[in-house]
Amino acid sequence: MSGRSLNISRFLTVRAAIVAVLLLVVAVLPLFVTGTDARYVLKVLTFVGINVLIVTGLALLFGYAGQVSLGHAAFYGLGAYASAYVTATLGMPWFVGLAAAIAVTALGGLALAVPSLRLRGHYLAMATLGFGEIMRIVFVEASSITGGPDGFSGIPLPSLGSFVFATPQSIYWLVWGVAALAIMISYNIVSGRPGRSMRALHGSELGAMASGVDLVGLKVRVFVISAVFAGVAGSLYAATVGFVSPSTFTFHFSVVLVAMAVLGGTRSLAGPAAAAILLTLVSFPDIVLPGLSRDILAVVQDWEVDIYALVIILVVLFLPEGIAGAGRRVLGLLRRGVVEPSGSDSGTGQRGDEA
Amino acid sequence: MSLLEVREVTRRFGGLTAVDNVSFNVPEGEICAVIGPNGAGKSTLFNCLTGFDSPDAGTVTFAGRELVGMRPDRVVRAGVARTFQNTQLFEEMSARENVMVGCHAKTRAGFVSTALRLPWTVKEERLAAEDADRLLRLVGLEEWRDAPAADMPHGLRRLLEIARALATQPHLMLLDEPAAGLNNSETEALAHALYRIRDHGATLVVVEHDMGLVMEVSDQIVVLDRGCKIAEGPPRLIQKDPEVIRAYLGEEDPEDV
Amino acid sequence: MISSTGLFQGRHGKTVDTPELLQFALAGLKNGSIYALVALGFTIVYASTGVLNFAQGEFVMLGGMLSVWAYSTLGLPLPLAGLLGVLLTGLVGVIFELLAIRPRKDGDPLALIIITVGGSMLLSSLARHLFGPTEKALPRFSEGSVNIFGASLERQSLWIFGIAAVAVVLLTFMYSYTRLGKAMRACAIDRNAARLVGIEPRMMVTLSFGLAAILGGLAGLATTPLTQTAFNVGPSFGVKGFAAAILGGLGNPFAAVLGGLTLGLLESMSVAFISSTYKDAISLIILLLVLFVRPQGLFGGSSRQKV
């Protein structure tokens, strides 16, 4: 028993080391981005961080709790417009805009989740799709607040007190800092009691109810958290880009987010984050391969949607466990040397030993 | 006083009356069996007792509280746990995690406190894990602790579901055909587990087809046929009851032979 | 993408007299007939697989696009081009099922939802590559309009009514009297029982996708002369068709038709009496209301949730 605990803690140390290295890489990356297009590269990497943030929320909702949302772009948009309105139109500090984004998306999530409680599977998917489209129409039509189809411009940069996140580096750090915080919060949630009930909900609704899990409260909470993550991402997006328009918050983008969550795999946070990075970079291949010719770049961008769509179909058909599943298999092989096989990688089963 | 009082419970599906005006009492500390041929309405009755279905008429009183109209998870919190005829386990989760889900009713770490990893949530989590391990030992599944439920053999899955139900610390447990699909030695083990559970202070209601098990463990038997209660009493009287014999002989169910 | 396809021109702000009301009603029924065809496609696939095909709207887009292609690029006469367009759409439906649905043998609904969503995206994007990003038009089957009690109705609308009616009649005939239709119904009721009497359920699923695609293709062919079409109109038709199907009660073909007509009427009346600003939101709001309040639909029987 004590030998086993020792092995597990060694394994956890390895994991902690991996996480630390990854954090360090993300943190110091801007320092190595130099040259003429540094600004552009950092902008794209910031955008990657924003997507990681949204997809982390979707991983909770879809990957852990098994609830589909085809309307997450709407929450992203709600957060962006709320933040833009408060900072640009009302002239309040970014922090207040962020708070407004959180409040509005929490309310939006509540407004969608509560009546959707009875809905499952494709009905829930349709309801979220409908909600997303209605919100998009609102973004277009409520032009006195949103600027209508032309969009909303002149949104101030994010700031905290007197410090303005003006350089691409500081914006990058801000976004990735928030994303890392969201992942950490999510990790705590999924490895504790709420996460267990989410996986139970995914596994068997009847079984979860018979175990005393309050499904109503659980579904609403997960939905709201997931919506708020997207809302925070929206606030960051609005402030860092300075301009928002309805064409960003489409059904299409909701599907791209689902593609990231699906490719990432269920019951994982790292998988969806990796998928968000990968699929976001598909749109910007010149970041990964700097020497890429303009023609190839144009072709890739032309076929970007097809790539997303194919990824969705092929992953669901042939790699249903996604990146996380593949990762688990690799980890399982590594682990065999360190510790005997164990149920899942999220670590809940080992909590007792870890403490 | 009876722990569970079922009064005139009726449940109709369209023209079919699945449960017809059924009443019975379950005294504290006893094992009560509900038996009857297939389609007698046993599972529907169970659903009505546990909030998964609501009867069209009648009341279900547990320790003085009305259960009809209560959500299933509230029924569990009130102290009534159940298992299912088709086990409803969380396949991807380990045996231990399955049982830990059962601890939900008695633990309280929410999203915020867990996200902040407050010290008490960590402690609560550890206690829940210890609880789960204890219950796995109680039903004899300690070796399967870290295996996903999906990998467990059929008979053991039923025991795991019982352990999960026990984790809710119920005063009353309703087991829906716990012996279905078990071989003789597994049934034997189940009977012992049932005694142990009762000795731990839980009252049991068991829907069962295995007559040997029913006659062995139950203090009281309620017999349903086509939704109606046709007999009630201790095993030795039920065995001789002409109505019961007719109900069973009249409908030889090929699936159960 | 919803607003990119105006399905009819609203004239709001005026007082509504009787001929004008009739005008709105006819416009509503015309759109409703299109929705009904799409709703029927949802219903057929749902009956055979238990899943919603989120790519259903793309069949409408393809029906229009392929007909335009056959007419303009191949230079076929209009009736032949339409026929080819619809049949090719049916073929796409079959191929889609074979390549994307069938390999997922467990039929997990969540997986199939996501596959069909991906399929929807893929089909529209491929259409953009093949036919370009611009709007496409088709000549009307008959020019001019007829006068009905003071309301004028384009002859093309008559074609839409006719095509929808013929499709519904043929479908009813097929389901009631042909071996194939009976086999499909048998599969929808009980797969295993159907297999026992020698029906291959997988085959029926494939056929149901083909049939649903043909219905969508017909809708696309019929509506393109009036509204034009483009690679990105699919989701809009899909959502409205689904709203119609759920409004009627998913799983019942007659309810789907009634749902389609009702939705069309509700939409055009809301334009007549309320405002055209949020016209596209109307069917979405109806969709959400039905889902939240009465998921079994207006014309579906009451269904209690089963444990």
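Think of it as A, B and C in the order they're written, each chain with its own count starting at 1.
Here is the rule we use: a residue touches a chain if its C-beta (ideal position, glycine included) is under 8 Å from a C-beta of that chain, and two chains touch if they have at least 3 such contacts.
Since the model is a prediction, treat every value here as computed from it, not as a measurement.
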Which chain is most central here if centres come from C-alpha coordinates alone? A
Work out the mean Cα position per chain and let me know which chain is farthest from chain A. B
Measuring centre to centre with CA averages, how many angstrom lie between chain B and chain C? 47
Any idea how many Å lie between the Cα centroids of chain A and chain C? 34
Note: chain B sits from chain A at a C-alpha centroid distance in Å of 40
Which residues of chain A are in contact with two or more other chains? 206
For chain B, residue numbers touching 2 or more other chains are 52
Give me the residues of chain C that touch two or more other chains. 307
Chain A partner contacts - residues on chain B that touch it in the complex: 50-52, 71-73, 76-77, 81-84, 88-94, 96-97, 100-102, 104-105, 107, 109-111, 114-117, 121-122, 124-126, 128-130, 133, 145-148, 161, 164-165, 167-168
Can you tell me which positions in chain C touch chain A when the two form their complex? 1-3, 51-52, 54, 100, 103-104, 109-111, 113-115, 117-119, 121-122, 124-126, 129, 235, 239, 242-243, 246, 277-278, 280-281, 284-285, 287-288, 291-292, 295, 305, 307
Using the touch definition from the top, list the residues of chain A that touch chain C in their complex. 66, 68, 70, 115-116, 118-119, 121-123, 125-127, 129-131, 133-134, 136-138, 140-141, 206, 250-252, 255, 258-259, 262, 302-303, 305-306, 308-313, 316-318, 320
Per the touch rule, the chain A residues reaching chain B in their complex are 185, 188-189, 192-197, 199-200, 202-204, 206-216, 221, 225, 267, 341-344, 348-349, 351-352, 355
